[in-house]
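One chain, subunit A, links the two complexes that follow: it is found with subunit B in the first and with subunit C in the second.
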Partner chain A sequence: MAYTQDEIVKGLAEIVNEIAGIPVEEVKIDKSFTDDLDVDSLSMVEVVVAAEERFDVKIPDEDVKNLKTVGDATDYILKHQG
Partner chain B sequence: MSKIKPGKGSPYARILGVGGYRPTRVVPNEEILQHIDSSDEWIRSRSGIATRHWAGPEETVAEMSLEAAGKAIANAGISAQQIGAVIISTVSHFKQTPSIATEIAHRLGTEKAAAFDISAACAGFGYGLTIAKGLISEGSAEYVLVVGVERLSDLTDVTDRSTAFLFGDGAGAVVVGPSAEPAMGPTVWGSEGDKADTITQTVAWDRFRVGDVAELPVSEDGELKFPAIRQEGQTVFRWAVFEMAKVAQQALDAAGVSPEDLDVFIPHQANMRIIDSMVKTLKLPENVVVARDVETTGNTSAASIPLAMERMLATGAAKSGDTALIIGFGAGLVYAATVVTLP
Partner chain C sequence: MNPTNRTVVVTGIGATTPLGGDSASTWEGLLAGRSGVKPLEGERFAELPVRIAAPAAVDPESVLPRPLARKLDRSAQLALIAAREAWADAGYTAKAGEDSSIAPERLGTVIASGIGGVHTLLDQYDVLKEKGARRVSPHTVPMLMPNSPSANVGLEVNAQAGVHTPVSACASGAEAIGYAVEMIRTGRADVVVAGGTEAAIHPLPVAAFASMMAMSKNNDEPEKASRPYDKARDGFVLGEGAGVVILESAEHAARRGARVYCEVLGQGLSADSHHIAQPEPTGRGIATALQNLLDNTDLKPSEVVHVNAHATSTPQGDTAEIKALRKVLGDDLDHVAVSATKSMTGHLLGGAGGVETVVTVLALKHRLAPPTINIDELDEDIDADIVRDEPRPLPEGTIAALNNSFGFGGHNVVLALRTI
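Here is the complex of A and B:
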């Protein structure tokens, strides 16, 4: 089953909330993980690992660096989900 | 064909005593910052490390091992003569042969105990413990000394931003012996050699032979650089938080111990962020005491678990008889997790 954009953003919001303690309503598509959401490079790894499990995608290390915003991550998952 | 009589071992084994040695010189983050562009705040937030101990010239791998081993033997209430095997886990003993273990066995005053070194990096303590348990149960040794010892400062490139602040020196030792009841669960261990390049020594020793020198790494002033440990931090971090939490869970399951039954969690002290993440993933209840020795000890590889264990028992954070989950993981990549009763 493929996830919709809304479902992915909502899922990412829950993941970011769990890992960085940011309220879910602040996790919006235009937000930068590091600059706006207090997700540093190591928390980002945890977010990616959780997103892989939740959305059934593989996000290799070399791609993680390109996922700057919630929108970047959402697009990536939309494109690569299995 | 003759009939071969098997050895008579003890059905179960347990850790009977623990000892540690931390070098006298404490190195704060400020000192690390002399060589890399970083900050105390960055190092603390990404690793949880505030200070580490770096060994002086006299605090050799042998001397630190002897200090820790002496304490462990006294703590176990046995004499050195009763020790049947000495296992030393280290990656920073710089003589290829003989092993450091024979010197330790001799200088401790054992009666010609079997002695050998093992190389399993940050999983070395768990590997040693597992071998010790096997020796005791099949009867080749009654008491086994297991030491994790490192002088990682010797293998640290102080100008490498991704590792300069991580490593520390020290030794931790335990005596393992027979037990009437099970006090060590099955070990969940393994290796992932496909990831060998993610933590590795920069150059192999044989490259220092005349002829190869031109290809060796040199510093800014053109000096030959001593080999150091380098790593792909993010890849290792991801492996540790994702795969190692599963291994830790498997060790709990194998021992038939639920998180609620656990008293203490002693993961390899690599990075506070890895420790925090594992605690979360394993859903450890609040009452489980977690080793956070990395803050003042840094990553001491094979020594980190016994050092943390010793400190927790010494400060009263943990007590004798507590049930502890231990897990080591590192260069190889290798890992070992098991549940033990604390001495």
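Here is the complex of A and C:
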């Protein structure tokens, strides 16, 4: 099944909350993982792996650097989900 | 003043141990003669020959916020908790550089562990085997590296003078404190956060130490298992925790009006070069370390009134240590109250030197030597005045104490502390 944009943002918010401790309601599409959400490059790998599992999607390493914001990740997952 | 003669003092202490989540509760537990040794519950320990250990009394994951805790090996979690207590106890209220109390370039950390992030290493190997490479945590290497506790404490306080991790098995924590003293004495730093940590209560290290015949197998009476100096001692009990002190040049402490616990006179070091894991039975190497301490400091043997012994409860090691003390201190050993606090905490490996330095600081502060428990019958080869069962008052006036730590590999470290 395909996830909606809202479902993906909500899922990413839960993942970021688990990994970085940021409250779920603060994880919005315009937020930068590094600058706003306390997700450093190592923790970003965790976010990506968790997102891959949750949304049944593959996010190759070379694409991870393009995922600056929650919106970038949401769009990527919307487009590539299986 | 010649920087190589700078006096080094203790201004803060912190600990999280099998007896309590801070230094005060640890001290209370010691004075009460309480054992922190418990059965190891759970299927993964069920088939091991040793099923007892002394876990940290307060789970570090219940203290630290989860996003921080999940990026730290348990050994670093414990170190951070002890370091935070010590930092606050020394009167610091902010990171270096955030106020004028200490410049980052004048602040160091030296925190050691004997084994490093063994939980992380083994847990992530399980992840690799069960779930594949993609699922191995990107934090694995920064978590398992032995310098991780020192580095994470350094990040916490913004230490920029140097962040170090000497590794010498069960002498690591004491060696860290000795290294920190030298950093201050030689002028590299004014303040150093120093100590040791260990978290190795996992089936593999337990099985490995058991294979060496180094551990007590007294599974039926955990609280009686760690029994230094007792005739029936049969090995150490693995403990978990961290102990950290804030060391400071006396001038720096005076300038900011800090409360001073005591002076750290320095260290005596040596190596046995006898066997990779067996203690040298005559105590030759330990005696050399003690003599080096006396030669390199102004400590007088007559000032020493207390020794926090290494005494892990192994048949050979406990005896060799006392032989060395007798050889170097001679008749002066007669007025020394010797305590083996591992009878209550178990053996914290690389954490031992840190925790036992904290305990020795408190012994001088309260002028009270903690007891040694579980001596039903004192080994007749123990030719020293062992403090048994009840704490014992220490004399008034200027008094000094030694804290001994020795490690697999033949490392010997003796630290000397003295009241101001």
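Everything that follows uses one rule, which is that the second predicted complex is superposed on the first by the 82 of 82 C-alpha atoms of A that agree within 3 Å, B and C clash if a C-alpha of one lies under 4 Å from a C-alpha of the other, contacts with A are read in each partner's own complex, and residues count from 1 in each chain.
The working rule: a contact is a pair of C-beta atoms (placed from the backbone, for glycine too) under 8 Å apart; a residue touches a chain by one contact, two chains touch by 3 or more.
Nothing here was measured: the structure is a model prediction, and the numbers come from that model.
Novice: Check the residue A:Asp30 against both partner chains and state whether it touches subunit B (first), subunit C (second), both, or neither.
Specialist: Touch status of A:Asp30: no partner.
Novice: What is the contact status of A:Gly21 with respect to subunit B (first) and subunit C (second): first, second, both, or neither?
Specialist: second
Novice: Just to be sure I read the superposition right, which of the two partners does A:Val64 touch: subunit B = first, subunit C = second, or both, or neither?
Specialist: first
Novice: Kindly classify A:Val49 by the partners it touches after superposition: subunit B alone (first), subunit C alone (second), both, or neither?
Specialist: A:Val49 contacts both subunit B and subunit C.
Novice: Share the list of subunit A residues that count as touching for subunit B in one structure and for subunit C in the other.
Specialist: 42, 45-46, 49
Novice: Going by the contact rule set out above, which residues of subunit A touch subunit B in the complex?
Specialist: Checking each residue of subunit A against subunit B gives 40-42, 45-46, 48-49, 61, 64.
Novice: Could you list, by residue number, the parts of subunit A that touch subunit C in their complex?
Specialist: Touch list, subunit A to subunit C: 18-21, 38, 42-43, 45-46, 49, 52.
Novice: Hey, which residues of subunit C end up touching subunit A in the complex?
Specialist: Interface residues on subunit C, with respect to subunit A: 65-68, 70-71, 134-135, 137-139, 142.
Novice: So in the complex, the part of subunit B that touches subunit A is made up of which residues?
Specialist: 45-46, 232, 234-235, 237-238, 241-242, 273, 277
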